[in-house]
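Down below are the structures I want you to see.
In the two complexes that follow, chain A is the common piece, with chain B as its partner first and chain C second.
The block that comes next holds the complex of A and B.
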């Protein structure tokens, strides 16, 4: 029982990070029909930007700020203007393939300029244990979970409770009508790219102390977040959150109760089942699907 | 005037080509990228340092060493292709790879070509296949694991042990020997956990260890995974003492795992923290050249080149076909060849006998707790 609780906490903590990344996936898809296959590398890169800032002499807090800002410029602004906008004219598929190429480019660039070896990365949250109802759980897991939930709550409040959020939703649901009623659609799309860049930078900050900073660490994360987004529902932010948490827990339970060797297969089998029996995703809306 | 210039040019060309012909060609295939990048980079740097030293002192039998490095990408398939390419260039000796899986698939190629292969792999089975051209630079698992099991049983007094290993040739080889030895000594294996190479998340594995509540945990993974599991063990508050091999307490692991590495113990065939003056001098030279402290793989690469030097000088000639025979049964003393760092004897199977160390990580530093003498 205590083992199950440990597994659930660890799974939820990892799942919350998957959720952050998966939310970014769905945001980009909803507003600009971009399927970003470089999303995993987008999580890997900010950690290296922060490490580079620290190597240049910046303290950790400053490195975090610089890392997040640089991520928003490179992975938000530059990504949209230099890759998405020019490729979008050619359709969804060429853009998806271009993001795959970008993933390889980012990985190789980090390997070239940094190193192929893993690097340690400081933890922003405290390590150690706390006792909850007489049970010892990892403070790091709880803090990661709390921070990720906070970020997601902040995002949903922005989307549902503010005028800006309503404009973003309008731009996503029907750009033509949104334009007619005066919503600056282009600016809203850019904003979602910036939000995605912020979310991946936050995910990077939370996951890298556990997984270590390595050029290839985005592969696992990108795949997990992609599965999470599809399982939860590619057209719903809440679906991506649920999918992320579910995949995190499922992965841990599978590794513990099924087999370590087949742990990677279990989420994929789940993905196939979802695609077969509920193609819109667990929380997705069937009528909104355009693919 | 023209003819003098021509004669001069011809002379220079002849000198250049003869110098080139005289160089002793070594070929290195190592894990320069991928999961084993730490291993391969240290190994390569060790080789380059040794060659630079030897060449600066005039080379071997008046000839200089020349080495080519190829990247196996930590992938046995790529390693095989790179070794074939290296052998096609007819090197004097083949150096590497470092991963046991890569050694296993490349050793038959070198044996077929009749070229001696000095490698970094530690899987027990490598030297048990009757290959007459394969040599180790460190202990094989059949030499180190009994020492590990004995330490867990006698010194840690562990009656129950959790064994975590990486599911590849290296991990499986070590796991098989240590489980057999623990069983023989009477320590019960209460959890036998295989993990995957490159695994990022160890929460579930550590959860299983916690549930088994063992007296000691034996961790046998590659460096990066070792660091990740150490962090996870700390995160989940596992307090059982941790025992491993070089891969658990190496410099890179300490750097990556930080505080979480403290208290971990390991049997180490080679360590740059060994209380041996020649090793300390090596460590300083390496750190000065590359700006970081090497792990045991740096030592292995360095020793591999000095093995070539000592054997060649013993033969008195550069003869790649006779090299393997000359190295079998050879004892190289550090007093005669300081580059070999510690007295070492090579068996007829290519295994080594050398003193070894028991190390604990104390406040982020490897501290040698015991020196274990040569077996013979």
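The block that comes next holds the complex of A and C.
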């Protein structure tokens, strides 16, 4: 029983991180039809930026701030202006392919300029175990879960409760009309790219202490985020959150109740079933064109 | 004018073919291996070009079919079956699995389809890795024999390069014929406007499945040649990144152009080798090159050529018009 509880908490913690990455992924899709195949590498990179800052002598807190700022410049601003803007009007596929190339580029750059080996990464939350109602649970999992939920709550408040959020949603849903009623659509799209960069940097900060910093760790993460986004609903922020949590829990349960060899297969089979029987995702709206 | 252009094209094609036959004769082992790899990857990319470029169905599973073909060939040839039989089995197996994978394409399109095929690709990798009674698991299958053709052994790199090149030639002719047949036209109708295709009496259901199955079968052929080329296979080369690489080859070369896969595979296989003098930077430069190319021309290399030719044609036409107009005016 305590084993199951621990698995659930650990699953929710990784799931919450997947949710952060998946939310960013769906935001990019909604505002600019960008399928970012480099999203996993986007999560991998900020940890290395922070490590580099620490190697240069910065204390941990400063390294975090620098890492997040650099991520927002590189993975938000530069990504949008140098790659997405010139390619956006040419359709979904060439841009998706370009992000695949970007993924290779980021991976190789980290391998070349940093290290091919896995590096340990300090945790920003306390580690150890605590006892809740007589059950031992990992404190790190609880803190990661709490932080991720806080971030997601902050984001949903921004999107649903503020004028800025409403403008962003308008820009995503109908750019033409949004432009007519005076929404600065371009600036809103840029903002979603910056938010995505912030979310991946946060995810990087939370997940790297658990899985170590490695140039290739983006592959698994990116795929988990894709699956979470699609399972939950490609066009819905809340769908991506639910999908992330679900995949995290499913992944952890599969690891201990299904064979470890086929652990990775469980979310994939789930993904195929969802796409075939409910292609708009568990919480998504149906899109006429794509279904 | 157009007759001259056509004979120029034929002459150029013959020169390239002659070059591919004669020039590698004094290549070293490694050069021949890379060229053979180019031929094999071109076959796989041609299959994906049929599915994606002509029929418009996004697939991220072509690497898995190369894997299926490679394992089929490796298992059969190490048990004493001749390679041609193994290739036939690889074709049938990939065709059947590709047909089944086509069913989701009847329900979902575009990025949803991309993700179903992506999931399939990873599942296939898991099977290659975990079913060690069949595939040898992470230790793979070694000592894959190379075939004898008409009593000539192809153990040396050069004869086996000719096997790959010959297979590429056969596949090219078959694909060339296919895309000019009513089938190819039906595929293109499927890509351009499925609704209109259906209303004109094209059985879109059957052709969608066919586009997947035939494209996948070519992936199987490529795999069945890959196994004896490397003579050792394990699951690693057939993971998701092979599918992504093949997709990149098709798009970079120019999706929907017959010669696109040849150029795309050349860039994906040969460009990293040419950049090797930059040591650790070569894959990074390759990634940057692909991104710059796609920013410049999202329709790939042949898209640039296509645009240039179209521009020249319009210019020639407007020049003719101007001449005709001035003649008309002087006549008045």
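By our rule, the second predicted complex is superposed on the first by the 286 of 291 C-alpha atoms of A that agree within 3 Å, B and C clash if a C-alpha of one lies under 4 Å from a C-alpha of the other, contacts with A are read in each partner's own complex, and residues count from 1 in each chain.
In the analysis below, a residue touches a chain if its C-beta (ideal position, glycine included) is under 8 Å from a C-beta of that chain, and two chains touch if they have at least 3 such contacts.
No experiment lies behind these values; they were computed from the predicted model shown.
> Considering only touches as defined above, state whether A:179 meets chain B (first), chain C (second), both or neither.
Neither chain B nor chain C is touched by A:179.
> Have a look at where A:6 lands relative to chain B and chain C in the superposition and call it first, second, both or neither.
In the superposition, A:6 touches chain B alone.
> Output check: A:256 vs chain B and chain C. Expected answer is one of first, second, both, neither. What do you get?
first
> Could you tell me if A:118 is touching chain B, chain C, both of them or neither one (first, second, both, neither)?
first
> With both complexes overlaid on chain A, does A:238 touch chain B (first), chain C (second), both or neither?
Once the two structures are laid over each other on A, A:238 reaches no partner at all.
> By the touch definition at the top of the document, which applies to A:278: first (chain B), second (chain C), both, or neither?
It touches nothing on chain B or chain C.
> Overlap the chain B and chain C contact sets on chain A and report the shared residues.
Chain A residues touching both partners: 111, 261, 264.
> Could you list, by residue number, the parts of chain A that touch chain B in their complex?
Per the stated touch rule, the residues are 2-3, 6-7, 10-11, 14, 111, 115-120, 127, 129, 136, 138, 140-141, 209-212, 214, 216-217, 220, 251-256, 260-261, 263-264.
> Could you please specify the touching residues of chain C with respect to chain A in the complex?
Result: residues 58, 104, 107-112, 114-116, 118-120, 122-123, 126, 129-130, 240, 244, 247-248, 251-252, 255, 280-281, 283-284, 286-288, 290-291, 294-295, 298-299 of chain C touch chain A.
> Provide the residue numbers of chain B that touch chain A in the complex, in ascending order.
Spelled out, the residues of chain B in touch with chain A are 32-34, 37-38, 41, 167, 193-196, 198, 200-201, 203-205, 207-208, 210-211, 224, 227-228, 231-232, 234-237, 252, 255-259.
> Where on chain A is chain C touching in the complex?
35, 37, 83, 86-87, 90-98, 100-102, 104-105, 108-109, 111-112, 219, 223, 226-227, 230, 234, 261-262, 264-265, 268-269, 271-272, 275-276, 279, 290-291
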